[in-house]
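There are structures below to look over.
Shared between the two complexes below is subunit A, which pairs with subunit B and subunit C, respectively.
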Partner chain A sequence: MNKYLLSKKIVVNELSTFYSFVIGLTIGIGIGSIILLAQGQNPVDVFSLMLRLSIGSVKSISSSLNKATPLILAGLGISIINSVKLWNIGAEGQIFMGGIALNFIYISTEVTNPNFSILLLLLASFVGGAVCILFPAISKVLFGVNEIITTLLFNYIVIGLTVYLVNGPWKDPNSLNFPAAAYVGKEVYLPTVFGRLSYGFIICFLCTLGVHYLKEKSVFGYELRISGGSALTAIYAGINAKQKAFVAMLIGGGLAGLAGGVELLSQTHRVSTGLSQGFGYTAIIVAAITGMRPFGIFLVGSLFGALTIGGSVIQTMGVSSYIADVIQATTLFGALIAQFFFTYKITKVTEDV
Partner chain B sequence: MNNNILEAKNITKSFGNTHALKNVNFYLHKSKIHGLLGENGAGKSSLMNILSGIYQPENGSIYIDGIKVKKLNPDLAAKLGIGMVHQEFRLINNFTIKDNLTLSKSNIYTDDFNEAFKKYSDIFSLSAGSETLINQLSVGEKQKIEIMKLIFNNNKIMLLDEPTAVLTPQETNQLRISLKKLSEEDDKTIVLITHKLKEIQEFTESIFVLKDGVMVAEDLETKKVTKNDLITLMMGEVSQSEIRKDNQKGKDKLEVENIFFENIHSNVPTLENISLKVQAGEILGIAGVSGNGQVELANIISGIEREYKGKVIINGKNISNQGVKARKNLNLSYIPENRLGVGLAPGVSIIDNSAVKDYFKSRLGPHLSSNKMLDYLNILIKQFSIKAPDPKAEVSTLSGGNMQKLLMGRELISNPEVIIAAQPTRGLDINAVQSLHDLIVKQRDNGAAVMLISEDLDELFKLSDRIIVLYEGKIVKEFIIDEANIEGVGLAMAGLSE
Partner chain C sequence: MFDIQLMGLFNATLQAATLLFIAALGELITEKSGILNLGVEGMISVGAVTGFITAVNTGNIFISVLVGVFSAALFSSLHAFVTVVLKQDQTVSGLILTILGLSLSALMGKQYVGKKLPVKIESLVTIKEPTNIIEVLLSQNYIFFLSIILMISTAYMLKKTMFGRRLEAVGEDSRAADSMGLNVNKTQFIATCVGGGFSGLAGVYLTLSYVPYWTDNMTSGRGWIALALVIFGGWKPYRTAVGALLFGFLEALVPRLQTYGFELSPYLVKVTPYAITILILVVLTIYKGGRTGAPSNIGIPFFRESR
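Presenting the complex of A and B:
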């Protein structure tokens, strides 16, 4: 009789996350192809069209990267919170809260210098995201309440708040009864670098560098790693583990809020229930696939942005845009399975009875 | 056919690539006390887990009363009367003694419980009544209940895993008498698993020795073997060096004055009026059964615990109100009892763990440079001969000895002024213990003031210049090493000194 034994590998290949992603993506595209075939479509045609329309020109590349921006920012936020082994499922709500805080500051202040105004509004969105995770952070640190539940629940609260605002106090009379707040003025739109590429993407790149530094090179990041490894070791080392976790959560929530702010100032230009199209959830996939590595999040986020753009344009062929979601989800699934085999080894044990 | 109640033949078991047991033979004579001796990692626990049905061997067969047993699982082992007392107690704390003893469905004393309880209470000299809650018992009494549980569940073969680890010398002696009675008057077959030579010689009639998964000696008659024979069998040749005690002592480096501490979860004082001094170049041993305030004292001195009354003074400087980092800056090192979980963070890489003491110092900064951290780790690895496969691997992939070397290396490389070492060698094999002892002595000779907390009296006697005994949070006795003897310290540990 044969038995199989599972044990953790002592040394895990450094590139295993990348290999896992490639394997996962292959599986994702494979499953996507099967679904397309079942619908009577030729996968090669569909995928080549997706490619052409998402990265085939400067215009389409910049659309893809604009789409990637909130994914990457929210993913970075999830990644920094995960340094202390906590999960932020509330990026979606934090994105909305970032937009709400931005709009609130926009309508209640009067700043004449547009550049300063943009900075102020982005800061407001960061603070909004941080405020959105404040309650989960406090309840985690003080009472040990599971942050997965609280951050998730806050999504519903904030989306409810958004629905209320855009149907009530903030409802734009000129919106033809469409539930949305009024557009912000053109003077605070984020400018474009070239083509359609918004400065938001530059912000997102800078944040990637910043989060990488924070996580890998700073004393703060080290303290987060130790706190995440063992709260008792942290106390032993003189690290205030709870305080670090609290700060990490606020920064992470703030980054997701910033994602909402950038999206508002560069794409939607107003608060509505369409401010985020599930970016906060997709960001979890992006962060998980990359093993929470900032540069990985940047690359995979960009790719997922392209997938989303590609997915939305193939609707003209009569193919559901959900094919992009299917590929994203199965890529995560495949990558996690592959990562499992990179992390664990299975040994066969022969047993005589 | 012979009169062996249990026979295990050619048992082989491996975990991944490591062979825990290689063609091991093991057999038990009915109604005798057997010793299974071996260092940590020799395979003792694996063998016991196989006999109690928890692990399945890859090879080999087990006979009970001469009948071959196929597929021994925990249920079947219980039915066949094989029971084990694990090192960690498995009693339900807020149940009474009676509830715990009669919990299992294999319990045989249902109607005549009181009678049986009285009989075995006598054998174990247990004074507590059967309605006493487990959490009101001392560690030694809990141990007795664990063994009684085996009897009440009709186990004829009793496997005891390091039963004396938590006992005072007096309680150990008591246990020896009880076990002898059980084997002689009650027909129990007993296996004592231990790495302590003294006990195996005093308790048993027949000795088996495991080394690196191989049974190097079978069924030795205890009376006919010497301690040195056993040492040689157990670990090959080692030179047990004596520690020189001609160390030069200097000024007081660590002073603790009138410490009072109350755990917030109870209103019983955990530490009461503790005052002590350690000189430069001196090792002060803190003896005591665990849970008598040692951890709290160490935490207070190292700055982890801040809610206490009293003074902590290092090098004449009162640091009572300062935190962990400030105390580290005065070059105080703390080697905590719980090495994986407190001293080292599991799930975090070896390289990150190596910087826990110094990460905030400029030596590794201003940005935590991975190159500088790696250099630092390599110095530790070289100087303390740590076997670490990959700096980025999780620290929990190291063996116990290497973990402790990493932890001690990290804490000692800066030649600290004051060292608090709690159970520095617990659970490690003799070679690792030897090298860790050498490290501590080297620090002593460098002029460090060392406070050594240990439950291992041999270790305390070997290293200390003075021994203080903690009992229920109080210093009950202080010994100069030349005037101390094991019995005296043991009595004080049990709270029995006048």
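Presenting the complex of A and C:
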């Protein structure tokens, strides 16, 4: 009788996450092509158009990178929280909270220097995101309440708050029937570097470097890994694991809030329910699929930004933009499946019965 | 007059609650086995669209319900394959399942947006304007009564049958269950697919009865509420039903608040069940020393060789 045994590989190829992503992408494009063929479209035409419109020119590359910015920022936050083996499913809510905090500071303060004002507003969005995860963080470290559930539920509370604000106290009478807050002034828009590329992307790149340093090179990152790895080791090493987890959660939530702030100042320019289009959820997957590595999040996040832009423009060809979502999801499933073969070893055992 | 309004509210509560409850009950079964499936939203959507397409094409309600249930179960087997067989992360896989389910169903249902349904799930008794609670109850459709049967049988199944005890054993301590000779993978795989089937049933209830048409993203977050409901109910069928009635009541109440002359913001009222769920979770964790009713092994892949 043949039996199959599963064991974890001791040495896992360093680049395995990259390889699995490439394999996943191939599967995703393959399935996308099948669906396109079934709909009577030529996949080559559609994909080449997608490529041209997402990375074919400086203008389109900058649109793609702008789209990627909130995804990467939120993903970085998730990766910090995950170094203590905790999940943050609440990035979506934290993005909105970042936008809300920013708008709150914007309408309640009077700052004449625009540069200082932008800095203050971005700081406000960071604090907003951190405040949004404060309750889940406290209840996790003090009482051990499951953070997956509390952060998830906070999404609804914050989105409810957003809907309330843009339909009530903050409703802009000039926006006709569309519920949204008033636009922020042009003086606090994030300027562009070149083309359409916003300074938000530069912020996002700096954050990637910062998070990489924090996670991989700093003492704090080391303490985080120990706290997440083994509670006992942390005690022996004299590390206050709960305190580290708490700080990690606040920073992670703050980065997601910053994602909302950057998105508001560079793209939407106002608070509305369209501030985030599921960035918070996609960011979780992007972070997980890259093994929580900051540079991986940066690369895959950029690629997903391009895919989203590509997906939104192919609608002009009469192709549903949902194709891009299907490609995204199948890519990720493909990568997960491929990851299995990189991390596990299957051995066939022949047993005599 | 007021009576009719009140009965209307009661009717809407029951309808909203039925949908949420069926999906939550399925997720409860899945989670009991230690598998967390965050893809409920996607599974409901798949069940909703396949059921709707079948109903438009065949006009047969029974076949449509079956197709909806089975396609969602089949769809959830993807999550089962990735997390149970391949041991990959459940949080990630579930989230991808949501994205895939929503986008696939939008693609499938593209030609069916705005189509009229030739049939509808019938009610037990047809009553035009129910005037008392019993009449409202009787005027519900078959899936409502099915959900009550499912509630009772699930509660019975979990406590009294072999399969239920197996589920609990696997979800609480998969290694012990494995050493007792239970097939952990098989149990978890089945539980995940059953959960998917329930979500599919919730989906067909949505498109064939609750709002009888199809449009993109029409699940509008109900799958996430179902996830919250499982926690609210402490992984117990009857308490989950109470939670479903509360959430359903608020869903029904919100559009009616203004007609009742209340000044409360409907948007903030809508948020209260989530806040209540969080508070319940925290209180339960504190007072029961972490025993919220959650299966101990939830979210942790079972991996035999790591003994």
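Basically, the second predicted complex is superposed on the first by the 353 of 353 C-alpha atoms of A that agree within 3 Å, B and C clash if a C-alpha of one lies under 4 Å from a C-alpha of the other, contacts with A are read in each partner's own complex, and residues count from 1 in each chain.
Here is the rule we go by: a contact is a pair of C-beta atoms (placed from the backbone, for glycine too) under 8 Å apart; a residue touches a chain by one contact, two chains touch by 3 or more.
Everything numeric in this text was worked out from a predicted model, so none of it was measured.
The superposed arrangement places subunit B and subunit C next to each other on subunit A without a clash. Once chain A of one complex is fitted onto chain A of the other, the partner contacts of A:23 are absent, as it touches neither subunit B nor subunit C. By the touch criterion stated above, A:225 is placed in contact with subunit B alone, subunit C being left untouched.
One geometric descriptor of the composite model is the angle centred on subunit A: between the Cα centres of subunit B and subunit C it reads 80 degrees, in steps of 10. When the shared chain is aligned, no partner comes close enough to touch A:61: not subunit B, not subunit C.
When the two structures are aligned on the shared chain, A:283 is found in touch with neither subunit B nor subunit C.
When the two structures are aligned on the shared chain, A:7 is found in touch with subunit B and with subunit C. Looking at the shared chain after the overlay, A:204 reaches neither subunit B nor subunit C. Of the two partner chains placed by the overlay, only subunit C lies in contact with A:152; subunit B stays clear of it.
Of the two partners subunit B and subunit C, more subunit A residues are in touch with C. After superposing both complexes on chain A, the closest C-alpha pair between subunit B and subunit C lies 7 Å apart. In the superposition on chain A, subunit A positions 5, 7-8 are in contact with subunit B in one complex as well as with subunit C in the other.
The touching residues of subunit C, when paired with subunit A in their complex, are 36, 38, 78, 82, 86-89, 91-93, 95-100, 102-104, 106-107, 110, 216, 221, 224, 227-228, 231, 265, 267-268, 270-271, 274-275, 277-278, 281-282, 285-286, 290, 292, 294, 299, 303-306.
Every residue of subunit A that touches subunit B in the complex is listed here, in rising order: 3, 5, 7-8, 10-12, 14, 85, 213, 216-219, 221-223, 225-226, 228-230, 232-238, 345, 347, 349-353.
Taken together, the subunit A residues at the contact with subunit C in this complex read 5-8, 35, 87, 89, 135, 139, 143-146, 148-150, 152-157, 160-161, 163-164, 167-168, 278, 281-282, 284-285, 288-289, 320, 322-323, 325-326, 328-330, 332-333, 336-337, 339-340, 344. Contact residues of subunit B toward subunit A in the complex are 14-17, 56, 58-59, 70-71, 302-304, 323-325, 328, 334, 336, 338, 341-348, 352, 355-357, 359-360, 365, 367-370, 389-390, 392-393, 397.
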